[in-house]
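As structure tokens, here come the structures.
Heads up, the next two complexes both have subunit A, just with different partners, subunit B and then subunit C.
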Partner chain A sequence: MACKKEKLYYKTSKLSFIFIKGIINVIAIIFILPVLLTVIKSAGHYRELLFDCFIFYPMFWNSLFYATVITIIQMAVIIPCAFGLSNGKFRGRKFIFFIYVILMMMPFQVTMLPNYIGLRELGILNTRTGIILPMVFSPFGLVVMHQYMKKINTSVIEAVRLETNSVITVIWKGVVPQVKTCIMAVFLFTFAECYNMLEQPMLFLKEDNLKTLPVFISQADKYEGGVLFPAAVIYMIPVFLLYLSLGKNLEGRTGAGNL
Partner chain B sequence: MRNRWNRKCIICMLPGILGTLVFFVIPYIRMLYYSVIDNQYRRNFTGLSNYIKTIKNSYFILALKNSLLLILAGVTVLVIFSVVLSLFLYFGNINGRSAFILPMLLPTAAISVIWREIFKDAVTALPVYLLFWWKNTGICIILLTASFAAMDKEVFEAAAVDGVGSIRKHIYITIPMNIPVIIFTTLLSIVNSFRIFKESCLFYSSNYPPDCSYTLQYYMNNHFYKLDYQVLSSAAVLLSVFIILIIIFCFKLQKKYQF
Partner chain C sequence: MQEIYNTTRKKQEKLSIPPVIIYVITILFFGTMAFLTFKARDIHEKGLPHVKHQKLGIIPKDAIHNNQVFIIKTMVKNGEERTFAEARVIKTGEETKEGYKIASGTDMWDSIITFSDRELKDGAEVVIIK
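Our next item is the complex of A and B:
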């Protein structure tokens, strides 16, 4: 009797499970639908974009250039920084981290005037450097990396320290192999974030040939609607490829769950 | 020995800290100063009059109302939706995460093109809400499933012995055990609701959207264009204080529920 009951329970739950699976698949399709529609709509307009709309090329390359350069420099800055913050034992560590968390949470509209003031004082408004530098020091990557590094195996670090005196070797041989997943995940996030930049080029740049693709798309009324669809598709491709190659690192513990 | 090591750790942190100081912290302090003077040239101390002017401004009130509505309605729906979704995705072992994660990485500008096409005649703020949900489900799912994966599964076996059904199991065990992460997800979603400006701005492709979507970010951006730094800095300071209060509240709440 008991056995029969259990079987029945299993059966109904299996049916409802198939039902739920169906619903989730439908939701997933709805989530992908806007992307598919963009691709479908873009058909037939590529010639207009690629042969008549020359402003598209520099803006597309700018987007790629900024995103790549910022992400690479940021990695070089935050890996040692997160390492120092999670391994050093000195006073004020928690306070520094708290400041970073707060900065991470601030919307761009709060930091835009500070950024602008900083750039103006350094005299690099309206230059490529002026777009790159503030983004390099954006706190998101550091916070995630620090959370991840807190949990790594310190005995490996101690072992490497016995062999060498240089802190760079310690980071390179003792830390980086352990946090590879996190580095890949942060790389993906930071790239996507920088690639998506709209406000910074809009506010800190004057010349069109330094601006990024979102600015091009935001001035939609200047161009005919059809041109924007292929631009959007081409714009999506680099992030999509990056996601295909690095996306698996987003599985498992990415770190920032508990601060 | 320990001391020298600590010094090396601090040196590792220097580049990152220095950049953050130059572009974020020090200019923020200057912004605090800007918010209590009447004008950059005369620099008379005016106390809180800029703040009072900001709070009384009818556009500021409208913007604040819309931003709060987005937090109350948008974030609540988002968090409930993603908790339910990640329960099914993780415990049902359903594939399809990519469909939810990809929207978070794809550049908004590319998607806004199709969004404008679909919601051409929208009179409410619904398209912006949809964009917000579409964009932010991914990060919530990543955080939540990572936390589910880290759970101790023995509790479930104990519950199964007691004959607890699968839905009740999650309501009484999984959700209470993951409250800290759910709180963090909520916090992050609130913060992201302040970040929705880019999406909204690209959707309306103008700095003056209809009243229903006029959020704080528009208010601040437009004052930046007008070079009205005093009003902008007092609004930015108010917003940052508000966000810091939310962060502290969430962290206190998280501590309370920590196991």
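Our next item is the complex of A and C:
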């Protein structure tokens, strides 16, 4: 009797699993359909884009350049900041973190004008520095890393502190190995965010040679031929490749689940 | 349930792409984009007529076909200035050893194409030989 019940339970579980899997597959197909349509419609138009629209190339490399530089510098900035805010003991620590959370939740349109005025006063409007500098101090990565760093093993840090007084060595040898998965996840999300930025290049840059690929795609009607779809396909590839390389790190039990 | 999960997980691991292939695709993709960044314009221009031009004066007889000449027109295409050939019907004037003077049909600031390495069409993009 117990054996029959087990078999029935197993059969029902398998059926429900297949049913749920079916629904998830349908939802996945619905999400992937626009991407598939883009790839299909881009066929036959690559020549017009790659051999007749040369403004595409500087914009492509600009997108990669900004995303890579901003992400690398941001990692170098937010890891020590997050460590200080999570494990440091000083007055105003919680208040500073609260300000960061508020800043993270503010949409770009709110900080757009102060950003523009600040960049104009610094004289870095219409330059690459004007795009990189504000994004380096983006609060998203810091807030995420701060939450993750609260759970690290402090005894490891104390062990490293016994050997050295250097904060950089403590962070490099004691903190970074413990938060590697979180660093990979933040790296991926930050890279994607910077790669996809549209408003900053549109507002802060005048020359087309400094602008990025999202600007090109948003103004694709300015260009002759069907360049929109092949540009969108080529635009997707770098982030897709990056996800294939680093995506496995997001599947760990201490990975993106904690984001 | 655990067995189903384990089976699905094993299938996922079999389907995952090996890192070597990802690296090879990455190098191929960025290598192709880098190559095209520097060479796409040359490849594009190889397929275009290469022309010489001059301002008004004596136009060589070879440049005139059926009372028609081509003039250089500069227009913005895909965010940059490019040169195109525009056909104009003309009336030839005085004939000399070198060619013809143009009596009417062109303006004084027009540059007339005097030589082309291939057949020209109205509105075709051209490359100017210096």
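Simple rule for what comes next: the second predicted complex is superposed on the first by the 233 of 259 C-alpha atoms of A that agree within 3 Å, B and C clash if a C-alpha of one lies under 4 Å from a C-alpha of the other, contacts with A are read in each partner's own complex, and residues count from 1 in each chain.
Simple rule for what comes next: a contact is a pair of C-beta atoms (placed from the backbone, for glycine too) under 8 Å apart; a residue touches a chain by one contact, two chains touch by 3 or more.
From a predicted model like this one, the values you see are computed outputs, not experimental measurements.
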Superposed partners subunit B and subunit C on subunit A - clash or fit: fit
A:F17 touches, of subunit B and subunit C: first, second, both or neither? both
Which superposed partner A:K180 touches (first subunit B, second subunit C, both, neither): neither
Computed vertex angle (subunit A) for partners subunit B and subunit C, CA, steps of 10°: 110
Partner chain in contact with A:D52 - subunit B first, subunit C second, else both or neither: second
Partner chain(s) touched by A:D208 [first = subunit B, second = subunit C, both, neither]: second
First (subunit B), second (subunit C), both or neither touched by A:L85: first
Partner chain(s) touched by A:K150 [first = subunit B, second = subunit C, both, neither]: neither
CA minimum distance (subunit B, subunit C), superposed complexes, angstrom: 6
Contact residues common to both interfaces of subunit A (with subunit B and with subunit C): 13, 17
Parts of subunit C lying in touch with subunit A, wherever the complex brings them together: 1, 4, 16-17, 19, 22-23, 25-26, 29, 33, 36-37, 40-41, 43-44, 77-80
List of subunit A residues in touch with subunit C within their complex: 13-14, 17, 50-55, 57, 60-61, 208, 222-224, 227, 234, 237-238, 241, 244-245, 248
Of all residues in subunit A, those that touch subunit B in their complex: 13, 17, 20-21, 24-25, 27-29, 31-32, 34-35, 37-38, 41, 77-78, 80-81, 83-85, 87-90, 96, 99-103, 105-119, 121-122, 133-134, 136-137, 139, 142, 161, 167, 171, 188-189, 192, 195-196, 198-199, 203, 213-214, 217-221, 225, 228-229, 231-233, 235-236, 239-240, 242-243, 247, 250, 252-254, 256-259
In the complex with subunit A, residue positions of subunit B that touch it: 2, 5-6, 8-13, 15-17, 19-20, 22-28, 30-31, 34, 85, 88-89, 92, 94, 96, 98-118, 134, 137, 142-143, 146-147, 149-150, 166, 180-181, 184, 187, 191, 194-195, 197-198, 201-202, 205, 216-217, 220-221, 224, 229, 232-233, 236, 239-240, 243-244, 247, 251, 254
